[in-house]
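Each remark here refers to the structure printed beneath this line.
To keep things simple, chains are lettered A, B, C, D and E as they appear, and every chain counts its residues starting from 1.
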Amino acid sequence: MRAALSILKKDLRMEFRSKDSILSMWIFSLLIFVIFNFTFEVSRLVMLEIAPGLLWVAFIFSGMFGLNHAFAVEKENGNLRSMALMPVDGGQVYLGKFMSVTLIMLLFESLIFPIFIIFYDLQLSFQMFLLIPVILAGTIGFTSLGTILSAVAVHTRDQQILLSLLLWPLVSPIIIWSVNLTGMVIGGDITQGFYPLLTRVIAFDVIFFAVSFMLFEFILED
Amino acid sequence: MLLPALELTKVSKDFGRIIALRNIDLTIQSGEFVSILGRNGAGKTTLLNIISGVSKPSSGLVELYGGDPADTENKSKLAVISHEVFLYNNLTATENLEYYASIYGVKDAEQRIKDVLQSVELMHRRFDLVGTFSRGMTQRLTIARALLHEPSLLLLDEPFTGLDQLAIGILISLLRKQKELGRTILLTTHDLHTAKELSQRYLILEKHRILHDGLMADTNPDEIRQKYFSSDRSGE
Amino acid sequence: MRALTDKILLIVLLFAFMTSIFLIFNWVPPIKASNLSEQVAQKIFYFHVPSAWLGFLAFFIVFVASVAYLWKRKRQYELIAVASAEIGVLFISLVLITGPIWAKPVWGIWWTWDARLTSSLILWLIYIAYLMLRRYLPDGSKRANLSAVVGIIGFIDVPIVYYSIRWWETQHPKAVMASGDGSLAGPMFFTFMFSLATFTLLYVYFLRKRYQLLVLEDTVNKQFKEMEIL
Amino acid sequence: MRAALSILKKDLRMEFRSKDSILSMWIFSLLIFVIFNFTFEVSRLVMLEIAPGLLWVAFIFSGMFGLNHAFAVEKENGNLRSMALMPVDGGQVYLGKFMSVTLIMLLFESLIFPIFIIFYDLQLSFQMFLLIPVILAGTIGFTSLGTILSAVAVHTRDQQILLSLLLWPLVSPIIIWSVNLTGMVIGGDITQGFYPLLTRVIAFDVIFFAVSFMLFEFILED
Amino acid sequence: MLLPALELTKVSKDFGRIIALRNIDLTIQSGEFVSILGRNGAGKTTLLNIISGVSKPSSGLVELYGGDPADTENKSKLAVISHEVFLYNNLTATENLEYYASIYGVKDAEQRIKDVLQSVELMHRRFDLVGTFSRGMTQRLTIARALLHEPSLLLLDEPFTGLDQLAIGILISLLRKQKELGRTILLTTHDLHTAKELSQRYLILEKHRILHDGLMADTNPDEIRQKYFSSDRSGE
């Protein structure tokens, strides 16, 4: 755990070397919405129908930034090799990277979400709090797989494309369910299916995390 | 009987079409200081990578202290200096060392960081980002990084790169001290005089094999140069 | 001499502001509107529109100073460009604040994806990006060059924002000033012009002050360096 | 011109070192659509309404890959500095990079487009050929600005985010117009406004290209 | 009267808080071979960057052949070797050289590429990706790249890095030939003996200034080392 925390600390330090990074993330989130809004010049009704999807697309695209970054910074000065040399087992490295990627993605989401609320003029009801476990579960599913696949993709020439190729198909069930769950909460109809679906997402999170944690060892070694 | 620090049996390595090492047998005892010499592309870096475990041999067996180089315990005994410096440009000198100290579980880290920084004379720049360092300053810092956790096996791939006369002197005396402390050291360099000054034993790699394995005391650098690096052998 | 000019400017500004507030709230007759809140909201016009115009002017100055910098490579042009960009962002922020305040009583909503509104937001974002870029780069000629380039390209968007009212159907009012059909009655016109002049003065004052501050920063930095040498 | 072509040749050579690159691009394009489709689980009617927007969002996201890449490859081994040392004026470098970025983006688009046609079950009429100038004009606007801003952003720590911050607001008018034009063609109502709008996009392309061409010099020098 | 190849007047450079060069005045005539010596961080690389025009001085004037270093004509006369190799890892050796040849408008490129590859002894690897080269092979290739367009002003920043004894010999004789051809050469190195072997004039940079500007013939390397690089001066 100590090693994982060291990696986390180092990553966050580099990521937030200055407060500018957070500011640009915020503006970036704003821009994603502005872009979506003016490219889809559609009626408000249609907008509301696609809103949960838009929210998750925005989450995913900002998440991809974090994932692409996570191991790209390790490429400079041969640090990827240095990680293989460290007396730390793969799981620790995975855990450290997973935490930093997840924290950054959650930060992004917490910046995107208020803009989402304002632009779609959503009512803040007590039910909205249900979005917190939904977003958490969806995000962790995305990053737990994303972290290990990012470490795989970084070894290839077309890193960014390859990460998408590997990650998106695998993570799609979780994203679809998260969109569904988000739609239920926003639409205000928490049907019977809500909790079982949420549980299913969490179950997948656990599986993805556990498998990645165990397999990471093999990615570091040459 | 004491285990050798390092034992390679019939180690080969190739990268697709290109052969880098062929049937290397090598035993190095604890406390030895061995220089590895050889032409560009002879396979020196590849050999060190295989010993450190970052690169797996295509065939053959590598044993570090009787175990796998990838064992956590073996890894914590190891330090590598290569032409990649293993430092983060966006962290300061101190922050880089703090990171490595915590990864390697260095005790009394703060004091230790100060010590190594002092020994490579970088104290006055410790709060500057590594990205702004000159080549030689970066190399000094990577030396500090490698010595931080008091490794017992040092793999040094051309560690003198970019160092000025003063820093070369510093590194030489640091290495002498390491030798006195009984550490095992493998060094590749193209500077035969320094190699002679430091090490007892030397290997010459050529055409992916160990061409010569002898004692430094028995030879002089110019003879080695004559014998292995003269241009009439250049045709391969 | 410079300090004196600044002092005089400041005093004139204070007077001008007090006068325009008087003109806006006490002198100019209220418009004919269905309810009171719309009448009051209309007063924002005298802040909203000058802010927008001064924003455009500020960005134009960024453009001019950036061209001048790339041509002459004088530090002072770089500093003028930055100072003007900061003030421009400030004024456009005012537009983005006063607009919604006006919109709520008149249109019943704070915001809509109307062309003029969107393009104002985009304009604001362009110069935010310009300022962000500068924060990411270390001081030096590289930063000056890159930001001058962005300052020039960014200005290409200002006419788009200006003409967007003609290019798209919008909810936002058409040009009342430029149309020349006298839709702005006498007292309103005078008050508007006065307010505009006041804002222009404010811009000049801010620009001078910000520029002086930047020069001062430079001097201090230089002196620190001299000290380090010794 | 010779220098620009050398840069173009080198870039395409690296980009298409193996045919895998094109294959992964194709799969990536497919994935973008699949992702959009399952995140927006909406009625076909709504889908059709947002189709032109989706198409351009897909174009933009694949274009961002190319742009981020364009100068990132120049970072290895100090090649960015080497470009500043070459006896070639900035315009030539700009031209070379612009061509390679544009060609790659057009390739992407030609991979995305058939998928788009199939997924939305669009009729291939003669009118559809009007999409060619529309897509060309929109793309060139995007890449002409994108190339120079990518060269600006590559000097910063958060390259990818900063490129989005700089590019998206500036290029938004062109994207909006392209979405409009695409909508007209697909909807089958080429109104009077079509040609003037297309002309306007082309006019902006010319302006953006000319300005970038002239200013690029200043970006290379330190 | 002939214009000097290079003239610096009151050139200073700082990076924010850090001062790299201060009030450098320097004139170098066409055909001179000058070594630049100095500690790590003394400002050698920065000086070469300013001369080549990649880095603009914070103040002062740089003139290359009476003009701006950024002039296209001046740039085409220039070649730089630095610790960054300016090569694309995803291109082969030949492809890299072809690219540079077409950029610099080299005539009879194919033959010329063969020649330079032969001179650094890399012909047998010319179709391999640079990314798979060993450190020394990459350095050899960067030397080939620099000489490709027959530059008349060479700026060499520690060009011996990573080279084996043989390649050092090759580079030395290549440089001798360049000198005979009347080319102007600036070289930074920490190897005083090689510097002495090659150059007539040497500069010593220290504390961001030119501490000494003299003729090589008048001194011997050990004396220089004693005087400028002994550890009692290390405290700064």
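General observations
As a convention for this text, a contact is a pair of C-beta atoms (placed from the backbone, for glycine too) under 8 Å apart; a residue touches a chain by one contact, two chains touch by 3 or more.
Quantities reported herein were computed from a predicted structural model and do not represent experimental measurements.
With steps allowed only between chains in touch, the distance from chain C over to chain D comes to 1. Contact with both chain A and chain C is made by D. Among the other chains, the CA centroid farthest from that of chain B is the one of C. The centroid of the Cα atoms in chain B and the matching centroid in chain D are 47 Å apart. Work out the mean CA point of chain B and of chain E, and you get 28 Å between them. Chain B and chain C have Cα centroids separated by 61 Å. Residue numbers of chain E whose C-beta contacts span two or more other chains: 15, 56, 90.
Shown for chain A are the residues in touch with two or more other chains, namely 17, 20, 24, 27, 31, 34, 38, 41, 157. In chain C, the positions touching at least two other chains are 122, 125, 128-129, 132, 136, 140-141. Remark: the chains found to touch one another pair up as A-B, A-C, A-D, B-E, C-D, C-E, D-E.
Those residues of chain A that touch chain B in the complex are listed here as 2-3, 5-7, 9-10, 13-14, 17, 73, 76-79, 81-82, 84-89, 221-222. Chain C meets chain E in the complex at residues 138-141, 224-225, 228-229. Those residues of chain C whose C-beta lies close enough to touch chain D in the complex are 70, 119, 122-123, 125-126, 128-129, 132-133, 136-137, 140-142, 145-146, 148-150, 152-154, 156-157, 160, 164. Put simply, chain B touches chain A in their complex at residues 49, 52-56, 70, 72-76, 78, 80, 82, 84-91, 95, 99, 102-105.
Residues of chain C touching chain A in their complex: 111, 113, 118, 121-122, 125, 128-129, 132, 135-136.
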